[in-house]
Amino acid sequence: MPGSLLSIDVLLIAAAAWLAIGLCGLLAPRNTAFISRLLFPLGAVVGIGMGVAALNALGGDAQTAVLVIGLPDLPFHLRLDNLSAVFALLLGFASAGISIYAAGYFRKGEGAAPGVLCLEYHLFLASMLMVLLADDAYAFMVAWETMALSSFFLVTTDHKHEEIRRAGFLYLLIAHIGAIGILLSFGVMTGGAGDYSFAAMRTQELAPFWSSAAFLLALAGFGAKAGLVPLHVWLPEAHPAAPSPVSAMMSGVMLKTAIYGLLRVSFDLLHTTIWWWGVVALVVGLITALFGVLYATVQNDMKRLLAYSSIENIGLIAVGIGLTLIFHAYRMEGLAALAMTAVLYHCLAHAGFKSLLFLCTGSVLHATRERSLGKLGGLIHHMPWVAWLALAGVIASTGLPPLSGFVSEWLLLQSFLFSPGLPHPWLNMVVPVAAALVVLVAALAGFAMVKFYGIIFLGQMREPALKDAHDAGAWEKLGLVWLALITLFLGVMPSTVILRIDAATRQLLGSGLADKLNENGWWMLAPISPERASYEPLLVLVTIAAALLMGRWLVRHLYHGRVRRSSAWDCGYHFEGPRAQDTAEGFSQPIRRIFEPMFRMERHFPAARDTKPFYSVKVEDHFWYWCYLPIARLANWISTLIVTLQGGRIAVYLMYSFITLIVLLLVARP
Amino acid sequence: MTTAIPFSAQLINLFAAVILLLAFAMLAQRRMLSLINLFALQGFCLFLATLVAAVTTGQVHLYYSAGLTLALKVLLLPWILHRLVRKLNVRGEVEALIKIPTTMLVGIVLVMIAFNVALPISELSQTITRGTLGIALAVVMLAFLMMITRQKAISQVVGFLSMENGLFLAATSATYGMPMVVELGIALDVLVGVIILGVFFFQIRDQFDSLDIRHMEKLKDN
Amino acid sequence: MDFFVLMLAIPLVSGALLTVVGERDWAPNLNIVASLGTFLAAAGLTAEIVASGPRFAFGEQFFIDSLNVFFVALTAFVGLTTSIFSGPYMRNEQEHGRLTKPRLRLYKSMYQLFMFTMLAALTTNNLGILWVAMEAATLTTVLLVSLYRTPASLEAAWKYFILCGVGIAQALFGTILLYFAAERVLGATGNALLWTHLVDVKSQLEPTIMALSFIFLLVGYGTKVGLAPLHNWLPDAHAEGPTPVSAVLSGLLLNVALYAILRCKVLADGALPAGFAGNLMIGFGLFTLLVAAFFLSRQKDVKRMFAYSSIEHMGLITFAFGMGGPVANFAGLLHMTMHSLTKSAIFFAVGHATQKTGTQLMENIRGLIRINPLIGWGLMLGTLAILGMPPFGVFASEFMILTHAMKHFPWATPILLLALGVAFASIFGKVQPMVFGETTAKRLPHAPAITPVFLHLAIVLMLGLYIPPYLTRWFHEAARMLG
Amino acid sequence: MISIAGLLGQTFAILLALVLAPLLSGWVGQCRAWFQSRTAPPLLLPYYMLQKLFKKDVVLAHNASSLFRAAPFVIFGCMVLACAIVPTLSTDLPFAPAADALALVGVFGLARVFISLAGMDIGTSFGTLGGRREMLVGFLAEPALLMVIFTLAMIAQSTSLATIVETLAHRDLVIYPSLAFAGVAFTIVSLAENARVPVDNPATHLELTMIHEAMILEYSGRHLALIEWAASLKLYAYSCLGLALFFPWGIAGGDSFLALLAAIPLLLLKLAIGGAILAGIETVNAKMRIFRAPEFLGIAFMLAVLGLLVRLLLETRI
């Protein structure tokens, strides 16, 4: 379109607009109405516009731009290609919902001044967009770290609490270490040429050793941000600490930028692929997924539970990336495209449903001031909107038809299923076992999500104060509905979506699913052929709905619709207090029991004659004790040695410089 | 070099050797006032060496240097130090951190190192006093050693000044003097430094009731 | 009148004047006005040099080229902002009874004299005068460090004086050796210590002498730079002196000492086989960086911690210059600028924070952002900037240094990253609770000067995202001069 | 593409399922009674039960939410869909492409989630207990079932149930050792999923053992009727699935009406035998402690994975 605005320009304008909106927040930092009623909705509008522009760019040629800012030899190179566009699409539409929600969420007198929050929030958005657009290492790193910084400040909004500060610190530290890994990876990829633009990296021919080094560094670096085990420890701390829209943004969108980076490095910048990279990613992904879901089931804090669930989902995405790498390395492009589509789709789906769930916890938090599952319950009566919308998120996140999570899991399993034929017998054995574990993870996710939903929204209220809970406000509802609609759309219209995002798959792998999909109708998802595998979610939805409605109509028609209310039957027991229900701990007891070695538990049992008996269990992460504490101790030990240098005696100091001088005089020779 | 060393050079070498000897003597000296006297004597030898160099080469600014040395190092600084010692009443024994015989042994090793390091340079030198550079370096190092081993603030300062003597020896005897403006600057700095130190001593004694630097080991990290 | 003469004369004259009138009420303003004058003169000089190239002054004794004019501009700028900052800061100290009027007079006059010595050291063409100016800088700052006359400050000043005195004596020996080498080529004239003359004949200088000379110069000036294990004076002096002094020590003095090493390195590089001087600097730089990083985690005193951070950055810069080449030199110069600006901004913020809470112990400083959001944000952003977080400019220079190291010295990369990682964990873990959380701070009689903090940070932020072309040209030229 | 005959066949299959499912439950109950030497209940008892329950008023607990009331319909809808997908008489089902075997498992999962949530809704001690146990059983049974399907899908190179059945039914006689593993695993999963001994006992209200019953304790009237009907539909769907996968002979391939008619008696026969075997299993086994159930299902999971590996190891070159 000559003369008209290119999509990349629109995206840049969007980034600038977000920045400007953020800065506007500083004009009246304490004016809540101005900020939440004007600025945040504006941000949402920008998000939608940006998403539409990204959608428009899908399938087109890559667009580039060079900004004047940056290093003297390396100004910011920007590039909008299909891969960036897919993730920009995700960012735009997910952030729109979150921004609308946030318009109703941030209130007076909570944590930092709203204006500062507004700046940090929109800076966060803009930097994520810049990460997606960056086309050289410097621009990427600047955007990447700005993203980390702005989200760090958002996480520590409520910095009164020690544990929130601790969470923020841990988050930023691991983000920084990850960034170092990424930088190193870029360094390796320049191949010593010293040109840090991505265009130059694409043309570098690297030896397999260096390619592998770059890949592993990137996996570690981006894995730290995405939450791959063992670099996940920040995630369950930071997500609960942040205000809910921020948790939603971090979990739904920010983690995806890490996935974006990993895809960018593995499939775009490195153009050779070695099969064992895939195995590494697959194994790490499986461990992460299993670890995440197991820990999710035993959490007693609703946001921590969701955070661990995010770890699980990232693990599944990593499994998909691993599979794609394996297929790609063996030139099985059709299957690689299938797995890659699963990855991209799961990114989109997760962005929708996890943001939705985090926002729901935000509403619950606002209504009850309570995060602990043990003190919630029965909220569906007071918060029907939130409860029913959360149900959509729960079903999607459990990976059940007909919502979004199922589509990506279905695609992933399909790609597993057709894997035999790999020219490596050992791999042939590993892949089915991996598939089995993926399925186990998906099923366990169901356990975790039923616990999440059942304990919060169903049953009796565990605390009397919950009676005062109120449903979400109009803005919040709007945001939730928007995300729920995304989840539904992704669930029932997979072919339509895949046809759009197929351009990215095609760009990375050289082949896509579009041809096959086009042969069948828009309603049918049959990536290979309808005889081999097909899924028509719309039909599933319609059939279930028809059976449901017809059943209801028939029953009402043939019989009656009479209902009487009475107290619960409960096998005739009458200790009907809320304490008779399962606690959150109790619900997950079977999992703790079956997977006991996976957890590090501290239990408190009531004594025989306790007047107020209670049972509690604290589950801790093994990785703290296996990885992090030893490293901390080592560093501490080294510092103990080194600080003896500064012992306070001037004679000793003089001796240091004397000895340095003499050693240099004796040793250093030209 | 085939010719015999000229007499003037022999003289300068002699003075340099005496300066080295005095450096050793200072390293061994326990008493504060004697230490200052030795320092003055070292300064005097330095003055003589510079004077000989000035006479031999006929460079005018070396005369100035010699005069400056005489005024500062032989007269003014020892006088100030004497006054300080009296006012602050620190005549007492100077107890070294390391035993004196050990210090002397280390000193001898240092002299060997210094000569060794200076050897290639001495061979290049065209001036008549080519050996003095090694001696100057040895003096600097011995003074350094003295600063390390002493624990009274004043003796550290004397060590510091003795180091300046070594440097001056290098400057005047080995290279026949630095540009005048530099030498003036150096002299000024030394003078100001000593005056500041003098003020400092009083402050230190006010705060710590002693000039023993072992009291000043509070700032540390371990 | 000549900008150069003005630039040197203003601090000298006002320093002398302030010894007389320093107790008057308007004396702090005089201090600021003098610093402003110096800055304007420096700016004029910079414009002149950028426009018409290098020039001499006072015969050939002073020489201003694109390398040192950049330091001059930086020094004069930080000098100005520090004097603005020190106005309310010192008044508050006086109200707290920590300083008396005569001491404040001493402070102001010594501050101006210190600026004079810095500018003289930067602009002189004579390596002997350079030494003299460095020694004079030590003397003035010794008095500034001991300004509080507490046992701790006296101890710090004493250590500073002795260690730097001895160090600088080594530098003098190095200078003598250099003269010795130069005399053989240039003859025993007054020109033999003039850098412009030396640089013309640098390849004829005797290598053995130059090697020895450079070792002495490196150890000597390196002591002032704070290279480990010669750094011991630095944390004490920074922690115990008044905060404006810490700011200028960290932001200016270390730079000037490094500048001296750089001038000598150019000569050594010409005379010696490639890599000799560079490898020494790389070794010192890496060792310093690593040692300082591990020191950081054990700090309790906030100013002491940032002093170690300065050591760390000096190590990094030394490493960069050690690598040599236009890119690394460019990165080194950029990093020096960024470090000066950021570190002095941090010290400004820290100064106000310590005044508000009445302590330098980090565990007692909490919740700055509550009592004064601007100071809190200033400290937080400054800390993040100094830790190399984009989009601040420190990241730009660290990025260049790292990438250059990856290309030419890959073995050094893990050490660099380890040190930077450890430093990040140590510093940020300590600063975060100081800024966040519930507060312990109280109000102060005089409102703090916030402008310098944010002025510095704004420049650092801007340079992280955009380096104006003329600045780039200027940096490139300076980097090229360093070889 | 969708033929009228196919559509008719589809409708017929659904109606047949709705009608036959309670009968199958009744048959199993009758067989059980015979094996246990009890007087057997009438074969049509389930129909009487449904009729009675539909007529009754619904008694809702005060605390019941809208989800509680919606759940029976959702579950019923899911089961109807499941029955529509599983090839019972013919493989020519217009609904077959709507959901392949993976989606079928998903549909079962959806029903499970809803019934668990419904169990938790009232907030009684039994309800949550049942919900938790149901999810416990589910998280192991579901993967095992999928692994079984994977094994078969690899043989048929398809996850479409129709294609699998067609491949298996119209093949030459080839012995697949993997099918043995898969078959045992499938049997175990079916027992667990349909709340049968030894995992659960549909005929007890003993709090230590019950799973399914615990969740639906609070249901009454038409809600309970729908749930019971859905449960028998589930049993029917599982039975048909098992028959279709492991004994696929006789299922009509095309849309020929005759073949369809011929398939009906064969199906009835197979279901009768299957029901009797189920009753036999339930008679000779004792109900397990609840924590033995995961081990039991774990075995099924392992068997299914083994089957998959055996398939890869022994049969890939066939």
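Each chain gets a letter, A, B, C and D, in the order it is written, and its residues are counted from 1.
Here, a residue touches a chain if its C-beta (ideal position, glycine included) is under 8 Å from a C-beta of that chain, and two chains touch if they have at least 3 such contacts.
Just so you know, these numbers come straight off a predicted model, no measurement behind them.
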item: Distance-to-centre winner among chains (Cα means, whole assembly as reference); value: A
item: Most remote chain, CA-based centroid, reference being chain B; value: D
item: Pair of chains joined by the greatest number of C-beta pairs in contact; value: A-D
item: Chain centre separation (chain B, chain D; CA means) in Å; value: 101
item: Rounded Å distance, chain A centre to chain D centre (Cα mean); value: 35
item: Gap in Å, rounded to a whole number, between the CA centres of chain D and chain C; value: 78
item: CA centroid of chain B to CA centroid of chain C, Å; value: 31
item: Residue numbers of chain A (touch at least two other chains); value: 640, 643, 645-646, 650, 654, 665
item: Touching two or more other chains - residues of chain B; value: 117, 144, 147, 156, 213, 216-219, 221-222
item: Complete list of chain pairs which touch one another; value: A-B, A-C, A-D, B-C
item: Contact set on chain C toward chain A in their complex; value: 158-159, 162-163, 166-167, 170, 207-208, 210-212, 215-216, 218-219, 223, 228-230, 232-233, 235, 272-273, 276, 280, 291, 294-295, 297-298, 327, 369, 384, 387, 389-391, 395-396, 399-400, 402-404, 406-407, 413, 417, 420-422, 424-425, 428-429, 432-433, 436-438, 464-467, 469, 472, 475-476
item: Touch list for chain C against partner chain B, complex; value: 61, 126, 128-129, 131-132, 135-136, 139, 142-143, 146, 149-152, 154-159, 161-162, 165-166, 169, 172-173, 175-177, 179-180, 183-184, 188, 190, 192-193, 206, 208-209, 212, 235-236, 239-240, 295, 298-299, 304
item: List of chain A residues in touch with chain B within their complex; value: 640, 643-651, 654-655, 658, 662, 665-666
item: Residues of chain D that touch chain A when the two form their complex; value: 54-55, 57-63, 65-67, 73-74, 76-78, 80-81, 84, 95, 97-100, 102-103, 106-107, 109-110, 112-113, 116-117, 120-129, 131-133, 135-136, 138-140, 142-143, 146-147, 150, 153-154, 157-160, 163, 205, 207, 217-218, 221-222, 226, 291, 294, 301, 304-305, 308-309, 312-313, 316
item: Chain A - residues contacting chain D, complex; value: 377-378, 380-381, 384, 387-388, 391, 394-395, 398-401, 406, 410, 413-414, 416-418, 420, 428-429, 432-433, 435-436, 439-440, 442-444, 446-447, 449-451, 453-455, 458-460, 524, 526, 530-536, 539-540, 543-548, 551-552, 555, 558-560, 562-571, 573, 575-576, 578, 580-582, 586-587, 589-591, 593-594
